[in-house]
Amino acid sequence: MINKHHVLLSKYKDIREHSAFLCLPLSIEDYGAQPILDASPPKWHLAHTTWFFETFILAPHCQGYDLFNPSFGFLFNSYYESFGDRVKRANRGHLTRPTVEEIYDYRQYVDHKISEFLANNRLDSHILELVEMGLQHEQQHQELLQADIKYILGTNPLFPAYSNGEESKKTDPAKAQFIEISEGLYPIGFEGPGFCFDHEKGCHKTYLHPFEISSSLVTNGEYLEFIQDKGYEKHGLWHEEGWTFINHNNIRAPLYWHFIDGQWHHYTSRGLQKIEHNDSLCHISFYEAYAYAEWKQLRLPTEFEWEVAASKLSWGMRWEWTQSAFLPYPGFRKEPGALGEYNGKFMINQMVLRGASEATPVSHRRLTYRNFFHPHIRNQFTGIRLAQ
Amino acid sequence: MINKHHVLLSKYKDIREHSAFLCLPLSIEDYGAQPILDASPPKWHLAHTTWFFETFILAPHCQGYDLFNPSFGFLFNSYYESFGDRVKRANRGHLTRPTVEEIYDYRQYVDHKISEFLANNRLDSHILELVEMGLQHEQQHQELLQADIKYILGTNPLFPAYSNGEESKKTDPAKAQFIEISEGLYPIGFEGPGFCFDHEKGCHKTYLHPFEISSSLVTNGEYLEFIQDKGYEKHGLWHEEGWTFINHNNIRAPLYWHFIDGQWHHYTSRGLQKIEHNDSLCHISFYEAYAYAEWKQLRLPTEFEWEVAASKLSWGMRWEWTQSAFLPYPGFRKEPGALGEYNGKFMINQMVLRGASEATPVSHRRLTYRNFFHPHIRNQFTGIRLAQ
Amino acid sequence: MINKHHVLLSKYKDIREHSAFLCLPLSIEDYGAQPILDASPPKWHLAHTTWFFETFILAPHCQGYDLFNPSFGFLFNSYYESFGDRVKRANRGHLTRPTVEEIYDYRQYVDHKISEFLANNRLDSHILELVEMGLQHEQQHQELLQADIKYILGTNPLFPAYSNGEESKKTDPAKAQFIEISEGLYPIGFEGPGFCFDHEKGCHKTYLHPFEISSSLVTNGEYLEFIQDKGYEKHGLWHEEGWTFINHNNIRAPLYWHFIDGQWHHYTSRGLQKIEHNDSLCHISFYEAYAYAEWKQLRLPTEFEWEVAASKLSWGMRWEWTQSAFLPYPGFRKEPGALGEYNGKFMINQMVLRGASEATPVSHRRLTYRNFFHPHIRNQFTGIRLAQ
Amino acid sequence: MINKHHVLLSKYKDIREHSAFLCLPLSIEDYGAQPILDASPPKWHLAHTTWFFETFILAPHCQGYDLFNPSFGFLFNSYYESFGDRVKRANRGHLTRPTVEEIYDYRQYVDHKISEFLANNRLDSHILELVEMGLQHEQQHQELLQADIKYILGTNPLFPAYSNGEESKKTDPAKAQFIEISEGLYPIGFEGPGFCFDHEKGCHKTYLHPFEISSSLVTNGEYLEFIQDKGYEKHGLWHEEGWTFINHNNIRAPLYWHFIDGQWHHYTSRGLQKIEHNDSLCHISFYEAYAYAEWKQLRLPTEFEWEVAASKLSWGMRWEWTQSAFLPYPGFRKEPGALGEYNGKFMINQMVLRGASEATPVSHRRLTYRNFFHPHIRNQFTGIRLAQ
């Protein structure tokens, strides 16, 4: 039991410290910005993930626990409407206080209390599940945090670098090939052991027709051909709403791409760089992924095809858009209480992404993971894999 | 051959005349209104369906055909972007000219030319398909026309009646029961003979887990219990976007319902009437259908479950919301040319409805028919059937 | 007394009939349209002016009067908030019922009752004032009616003509000269006898510096020079808000102007016509009037300068923008009751126009008349006269 | 000459340092926020005022001057469209870089260069005017800075204090009385010596009718009576646009007022405090000032009345709304070049405020000063003085 506690505590510390680590290159000013509604300020992520541990573990289960600051429940609640009014998402970027320093104090306070709590109590399975949930939740926000930081820096006219390290991840288009999967009834969904989110549960059978799926992601170079062939001007390739979206927002290339002095550049963690043709494409909306597939006279895989084929693929660099809408698995039921709000309430108007991105912690990756975003979202680390 | 022509011509006349018949109770003023973006003016429907026959049959295939008015292509094109600029959907209600009389002249002119064309030419299968397509298209618009007329009259503060006939359609809740369907691989999709739309094609196998589906639609009385239990105030029952939708629009009951002098009324074709508890519920959004199912601790069926069970159900009074997003069937390919824009470009952010409504022409009903609307739509004749 | 009644009745009939006369060229369809928020449907004008007589004269003063239809108070009230809820301005164009025929019945009914009432009662001065007010109000709406009809027809892609008569009104730029007015204390405002609106009252002294004012209005040809000199692209000529307005709405010429096959045309009552260079300019916003004056290194007159100079000018073809904001005269007090809402509540963010337009009834013209519109308004018959 | 330089340099340093002094209580986080479009981030003010000196003095007149950072022209230009693209006002709050530290470096760099430049050059009158202009400009921004800081802190749910000092400024309503001014021709406008803005120039005669003006500003206690008499619910007191404004934004009290536990509080520089009844009212829009005056059956003074009476008044605590629209004085001409954009382009849809507020530097106060804001603005230090 002590060992198990020890392992959990160590995992807790690692994951919690990683959030702060991701923010090391930030200036204080960067922590507070929310340049688009689809993003949240970095300091909000740091506080909200902390609020989760305080609200679901310390407050109800740790005797004598004093809230760090009672008003934080109001400020850092996200969508858990059971827990009362939250700050409107649109206003998160205007909250100059609490300061970054206060939020790091908050993290330290809660981390200390959680460590004590884990060390000194007999933990029943419910508590262990909540801790696990909190850590998975924090890892989800680490992904969003990285996307949001990139947006804050990448839309600043000065294009400040985030790091000086290497970034490039190449694919070799020469090796790209279609892998055949035969028809059949396949199991889909998570079937322990270990953690999964509510919407992965309910392992069930799905019938798949025979299909082929590409071993590689689409590259920048391949997507450039689509741009050069005027793919953004051929309405027949687009969903009606996608066509409206790109024209209304004057979109003619992936997010962060800039055509400067006759050459395509994009913002990367090292600042503005020339496009590498062999790198895998990133930061496209579902609408663009769909139009590209139409242009190739191919299609995106369904999330079920992806899950079945994934063991034969190399994945984990991009979240990969599928042609599946985010819907409940057979037998899906919401958890009781506030945690029941976790994923079920988002099962409308969003598309499923599979895999994991360069921003996904390794311990957070699994074949059954279902990510989901609205089809216009481009600031996540999204990519394209084709099927037929 | 003559006979076949004769049958087709007779069908053509019947369907075309039915559109005008539906408009008989209208005043000239009613023809031009577009009270919401989701609707179109009745006269626009009358002209657009006519434009379809002119553009896809007469103009390309009938030698020496003179367009009735060259500017009508601009005015009555809907979403067929291949055929050039269209009037912005938002402005359709401002087009006072051409007048209603001119539009009936247009219909007469095109009907006459089509009759001549059908009578005097050897018709290859492509032409026959186009005529069939035009008639199915007209029947689709007859549904929309009825929904739009109801909206124009039903949101007028004078609540004018559309007809004086009987309207009530009852269900008997006493007989409501769940029908069991066993697991298995079932065929889904259209497999001739006869007409179907592009998105019904590609008959394919789908695996279904065992499920039960209600023999009856939800009634007004049952839905009133949900209202009285404050279903509209319990955020846990709603999708996040549904919750925003009902609160932003202050929705607390189905469309057309009014609470007057302590009693629920609703606008019907006979004007304002008291709610009949045993009538089947109508005019609810997908969001409300979902929340109601959550409240009953049941769920909506998938479109596949519905199709498999439909032969055992009595249906055809309401379009029934399913929990399936509108997505392509395996192997779906767009038709080439402008007709390729038909349904594929709408396969995002919409939910499938199955069955048929009181406004659906009988010849337009079939088990494989897939209708689809955005989840907030309430002006169509929508209803709820539960599954578990 | 009988004579006086007779004269009033005759005036009543003339003015009321003129409203209907202005609508003679309309199709039934034209009566209901409201293509922009700044306009109202023609049938709304016809009903609202009638409602005014019913509400302020018949209902309170004519014993035993039966409202034509009690719901009309709700439908055709404009801004008289004292009289309860009104239909949102934005929804006026969706009211297909009451029909045009019913509204003409309403006019006939009220006209008949007013005639009886005027003929059979001893009328105290308060009643006579109310009748006068109602007629002046009707004449105001006749102006708006003509502007709104022009907008409905002039923004229709078919450009239907309103009449076949002559329209052209020329000015002779050769004769344009500046008239000098010397400094001094001048009386401003209405000082009987006869009718005026509340905001013209309070004849008072104003000191004017010496100034010069043009004898002529700016012509189309003169304004074309401004366009050709890229006046719409020189931000230094514009108010900040004017600059935003023209760019946001992509305005590069007066309303109704179209550049077709290398030549400027505009929509007129006879349909689309070539621009006549010597005609006086029409349909420009205050922003454009101001920018034009800046470009000429001149300025617009104040409303006080205009009033003092007007007896020496030929005016009455265009409403002329002044550089005066619409503000109360010294000693201005609102009338008590609902009529107190007449003009005072609009004394913010609007600019004064002086003179009268081609659409102004002759009996409605006077030197002290103050019209007012928001600075972006272009659908009224506005023009420019310069001063220095 | 050396002395004059010395005095100017000393004034330069004092004013420039005062901007930084005003920001001393801020956290780094506070510098970057822009919670409403009507405000700008504190760091933007600090940089923009510096950019003014760099752009109009150093760059054109100081030989060999190196721009601190060429991209700052793009970032910190406000409305000087002559100097190229500026960052959209709506995006100022998203610019996390340059950091606060870099902006203070920028200030230091420019201050150093200006000091050198002033010390080492023979300064012609044009340069001296530009320096004076830059300092007056900085003082204008000090006012806005204080209003914006108050908004950032005062709309934060934690209500952080800005200072711990005394704040209360009392008026004694017992002494309030109306001062009579007789009719006559009065001079209006600035007539040297010293600095004034372009829109104060053109000293000219204005005729005033006899009037009375209150010796005191309206107090919180007096305004509370208006609130308690349901002034916010009596549409007859309001401008049409004011009525829409307060209802659309649900305004029922001055900005920063909160009704907590049965008592009115407001946010002050010391945090949330109870309302002092005898303090002069602050943070009301023109709409509210007008409605209050209507309710008292009095009116606001014109800006001309105010200027004539001001020598007999105690003023300088609140900016006082007048009933005058912001319009050019007779003979007003824009300055040539970019500085010509200074005030003329704002002369539409804004109301004049006279006096000075608690946030106005003493050297910035003068009887002829004309401030102006849109009628809905409440975040400035506005108040009410009545006339009759």
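By letter and in written order, the chains are A, B, C and D; residue numbering begins at 1 in each of them.
Throughout what follows, a residue touches a chain if its C-beta (ideal position, glycine included) is under 8 Å from a C-beta of that chain, and two chains touch if they have at least 3 such contacts.
Just so we're clear, the structure is a prediction, and the values are computed from it rather than from any experiment.
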| request: Would you mind checking which chain's C-alpha centre is most distant from the centre of chain A? | output: C
| query | Same or different for chain C and chain D, when you check if over half of the residue numbers at their contact belong to both copies? | reply | same
| task | Superimpose the Cα atoms of chain A on the matching ones in chain B and note the rotation angle, 0 to 180, in steps of 5 degrees. | result | 180
| Computed distance of Cα centres, chain D from chain C, in Å | 37
| Distance from the CA centroid of chain B to that of chain D, rounded to the nearest Å? | 58
| field | Chain centre separation in whole Å, for chain C relative to chain B (CA means) | value | 45
| query | Listing for chain C: what residues touch at least two other chains? | reply | none
| said: How are the chains arranged in terms of who touches whom: line, ring, star, complete or other? | reply: ring
| field | Pairwise chain contacts, counting only pairs that touch as defined | value | A-B, A-D, B-C, C-D
| field | Interfacial residue positions of chain A with respect to chain D in the complex | value | 27-35, 71, 74-75, 87, 91, 93-100, 152-153, 155-158, 160
| query | Which chain A residues qualify as touching chain B in the complex? | reply | 79, 81-82, 185, 204-207, 209, 235-236, 238-243, 286-287, 290, 299, 323-325, 327-328, 330-331, 334, 340-341, 345-349, 351, 375
